[in-house]
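Lettered A, B, C, D and E in written order, each chain numbered from 1.
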Amino acid sequence: MSVGPRVPLLKAAWLVLLKDWQIEWRTRARLTALIFFALSTLLLFSFAMGPDTDALRRHAPGYLWLALFFASVLSLGESFRIESENQALLGLILNPVEPRAIFLGKVFGNASLLFGLSLLLLPVAVALYDIELSKAPGSLLLVLLLGSIGISAPGIVYSAISANARARDVMLPLLLFPVLVPLLLASVNATRFCLGPDAQNQLPSWLKLLTAFDLIYLSVGFLLFPKVAEED
Amino acid sequence: MSVGPRVPLLKAAWLVLLKDWQIEWRTRARLTALIFFALSTLLLFSFAMGPDTDALRRHAPGYLWLALFFASVLSLGESFRIESENQALLGLILNPVEPRAIFLGKVFGNASLLFGLSLLLLPVAVALYDIELSKAPGSLLLVLLLGSIGISAPGIVYSAISANARARDVMLPLLLFPVLVPLLLASVNATRFCLGPDAQNQLPSWLKLLTAFDLIYLSVGFLLFPKVAEED
Amino acid sequence: MPSWAPLAALVVVVGLIVLHLAVRSTRTWVWKVLTGLGSLMLVALVYFGLFWAPPEAFMSDVGRIIYVHVPFVWMCMLAFTVNVGAALAYLFKKSWRTDALAESSAEVGVFFGATGVLMGSIWARPTWGVWWDWDPRLISTTVMLLVYVGYLAFRSFTEDPERRAAWSAAAAILGYVSLPITWFSVQWWNSLHQRQSGSGTMDKPIRVVYFWGAVSFLTFLFVFIVKRYEIARARQTGALELPPLEAPKGQVTT
Amino acid sequence: MQSQPPAIEIDDISKRFGSRWAVSRLSFTLPAGRSLLLTGHNGSGKTTLLRMIATATFPTAGKISIFGHETREKRELLRHDVALLSHASYLYEDLTAAQNLTLLARFLGVDDSKKQVAELLERIGLTERADSPVRQFSAGMRKRLSIARLLMKAPKLALFDEPFGELDPAGILQMENLLKELQGKGVTIVLATHLIEQGQSLTQERLHLDQGRKETP
Amino acid sequence: MQSQPPAIEIDDISKRFGSRWAVSRLSFTLPAGRSLLLTGHNGSGKTTLLRMIATATFPTAGKISIFGHETREKRELLRHDVALLSHASYLYEDLTAAQNLTLLARFLGVDDSKKQVAELLERIGLTERADSPVRQFSAGMRKRLSIARLLMKAPKLALFDEPFGELDPAGILQMENLLKELQGKGVTIVLATHLIEQGQSLTQERLHLDQGRKETP
């Protein structure tokens, strides 16, 4: 009898990621629709607030992250919708693919999607909210990357839970949002200090918070995911 | 051979609505999760904007309607998710139930859900954003009601379309949001004038716009729905 | 340029378009004539726009972009009107032709609209100092474009051609209905906030050149739609023929 | 008495999915009062044909007439009299067996829906599970409930797409009796199945499809 | 040589869904090298039992051992050697037939995946449709692709849940040959079906379930 996984963890995670991209590429719908969704969210914010250029510029980081948040709800849900048809997730686990490989593959797939999306949103935010990107572009990229991972790590766990529950679409935000509040605070503030003046040099502490958040949820998710992905 | 529908249109619409509520009641997940989602959206707004009480109060109508908008995407999607399992929508149409009855039933089911949600959000908005409800409570209710219908009427048509398309969840906002921009403008402004001073008596004209929006989309949707709900 | 020139050009162009639509046999060459004519008019537009017309009162030479900027947005709206007409026609009577026309007009319309808005945006930077402003015209045009970008995205995600045709016809109608509503509500919204919009009164020579531009871009609009329509029809060809009466020989059956 | 129109008249229909023809240039007439066995290998177009007869979808070209009414034009009329038992169950997963049936009864305007639902549940052997949501049903139980849905409708033309699948031996026997009983009542039956012998003993006519075309078996 | 552990050892298992017992106090041993026919009326717990053997779910009480390994503890190990053909197809609807198989091959670490995918597609008769997304497949075509998935895995224990359903006569014949061939290669087979005679001719042991309990048929 063969022993242990035939394909190592990271290779399997990479295969999961490739598979998701393959499906993505065949349907192509998710990426385009996400971009579009995030763009119209940015626009909706400014419509809802009225023509108040000053307030818009001040709150730009908040709008940017909220748009990413709502987009992430859609993206995370979609990520397990493709697995819930024909019980494909179970098929994957029985394949056998280690659940942890699925976790890693999906987290990094989603994070890269969100990161790419945030890069696309930046120029739009410049146009709409009249912000300046050139102050600390490196830190800004880092904030966006850490934020994307921070949304995805707990998001994938909750998305897997709610993919099995009834009323999947609505369960996800129910579970996810409260957990993400600290992340939102940290990302919004870090982004604010990347875009505007940072007199008291607060950026590093927010970055630290973001990193800690990511590491905690990556490891907790890594440990928990097998429990939520399969029956016990 | 029997001729024509055995059950009249409005009766059938009422039955569709009852059925949806029955499913809703059995799962109970949608309503609870919707409330929760809208609440955390309201919270997220205040977090994202930081401690700026004045801006919060000024933009409260915008936040309220944005929360309802994002909640409506979930609610509308769910509305056809229950119909897409086992091709239940087709089963309903072959029953036979007139597609227009399905349209009416679903629009008013969704509108009442959103209206109820908005009523629940009001006290929360009072607590979070420090607004006053007592200025024109009657008009405020009217605005909320008209807004809920205005979201649901085009929303149900688009939701029926995207329920069958790939990447259902992400397709709906793509189609719906741009169309809802005028509704958002009208609702936000009408709500603003219900909550605050209305020196130039602008409320009636916004209410008129809302009513027109509702009537137009109800009738266009009523005419178009059969074309999108069944094959031709 | 004499002030009747744009009108005369319009009569010629519309005549050719009607000829193309009415007489099938002319379809092979009318579009070529229109392309040539349009190119000539464009050259003339460059001359009249850049050298003949006086500089705009407030914006000097940068203002000359108006000769392309505004006609582009007009063409965009014209294309969307064609689109909704095709969608309505499709719902009344199923036809692959109207579906192809709907697709091509929406795509060409988005092209013209996006270019027009982009030019406006480029224009705004030197004159207003920002890329974007909360002007009703900008907002309503952008929202209109978003409606149709969504429409096109939706089309490309739907595989079954018949369902796509029916669904996108419905989406086109709902979308078009929203245009006048957006237009008026946005204008209302802003006028109530007492903001200034960018338009002013125009000098007569400027207006003449500006209409000239509109007519020359009309020819391009027409040619683009016709060509795009032909591509859409070519993609449908497989869809139009019935399968052969007898099964093809030598086919493997399981 | 006027001569009756044929139960099903298929006039040179073709059905395309994307660039593939699922049904090609098919013509066939089922005279009134007779029943049809539909056979063919996997992917030959049986389900597609049944769905077209049931007005769930329509031919890309050609026409189908049921009892003399064209399906596309008269769909509202026909849907009262045609019922389809399909691969898809049309059931609401979150409603119970009884609720699913009651819902259908209400839409059909059945008067004593309560009694009829109870009778049907008894008949398909799900009385005990009447109040379980369909989500918890086994494959065979779902199939049984779909059969009850079809019976509730009391159609004049009943279409069965692989009705024996997932049923246990007792269920298969019941199904056979049901098919005979319906025919005895004058209901026209179309039966698509891979169990050819069983099918032939229950029907009078046969249509064999091969890649969407009529073939002699 | 040491005496072989039994292929399947079911030790007083019960499985509860909500407040209902789908399988109750079941014990059974399938000796190594023999194959099992699983029968029972609709809702008797066949699918649930197979899912438990395949480590897709686990008993509420009691233990199952496969080749001497307890399923809950050794699931990672067992999943390499057990394959399940189920009501659910585990297929990705938006990938093509070939892509679905290639994906599985990659996860299994198969070397010449391209060749093997082509061979399997040939074997199940889907070579022509290799590049169609599964969403466009008919019921029988999906079933065939699921069978290819199972074959790709080359398991030591193969579980079949109603494998004959939806297959055309040629497919049923192929399935029977496949079951014989696997047994010839020493693969242990568990076959749940309602076609009892067919099943009995293919297996040596039989387990009949009635409301989740063992019964003599």
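The definition used in the following text is that a residue touches a chain if its C-beta (ideal position, glycine included) is under 8 Å from a C-beta of that chain, and two chains touch if they have at least 3 such contacts.
None of these values were measured; they are calculated from a predicted model.
Within the contact network of the assembly, the step distance from chain B to chain E comes to 2.
Both chain A and chain D are touched by B, C, E.
When you average the Cα atoms of each chain and compare centres, the chain farthest from chain E turns out to be C. Here chain D and chain E face each other with the same set of residues for the most part; over half of the interface numbers are shared between them.
Of all chain pairs, the one linked by the largest number of contacting C-beta pairs is A-B. Distance from chain A peaks, on a Cα-centroid basis, for D.
Averaged C-alpha coordinates give centres for chain B and chain D that are 37 Å from one another.
Centre-to-centre spacing of chain A and chain B amounts to 27 Å, using the average Cα coordinate of each chain. Chain D and chain E have Cα centroids lying 30 Å from one another.
Touching two or more other chains at once are residues 17-18, 41-43, 94 of chain D.
With touch defined as above, residues shared between interfaces to two or more other chains in chain B number as follows: 27, 165-167, 171, 174, 177-178, 181, 185, 231-232.
In chain C, 143, 146, 150, 153, 157, 159, 162, 189, 254 are the positions where the chain touches two or more neighbouring chains simultaneously. Of all residues in chain D, only 17-18, 20, 40-43, 47, 87, 129, 132, 136-141, 143-144, 162, 165-172, 194, 196 touch chain E in the complex they form. Residue ranges on chain C touching chain B, taken from their complex, read 91, 94, 143, 146-147, 150-151, 153-154, 157-159, 162-163, 166-167, 169-171, 173-175, 177-178, 181-182, 184-186, 188-189, 192.
Contact residues of chain C toward chain A in the complex are 121, 130-134, 139, 142-143, 146, 149-150, 153, 156-157, 189-190, 193, 195. Across the complex, chain D is touched by residues 1-7, 12, 15, 19, 22-23, 26-27, 82, 85-88, 90-98, 231-232 of chain B.
Residues 27, 29-30, 32-34, 36-37, 40-41, 43-45, 47-50, 52, 55, 59, 61-63, 65-66, 69-70, 74-75, 77-78, 81, 165-171, 173-174, 177-178, 181, 184-185, 188 of chain B are the ones that touch chain A when the two sit in their complex.
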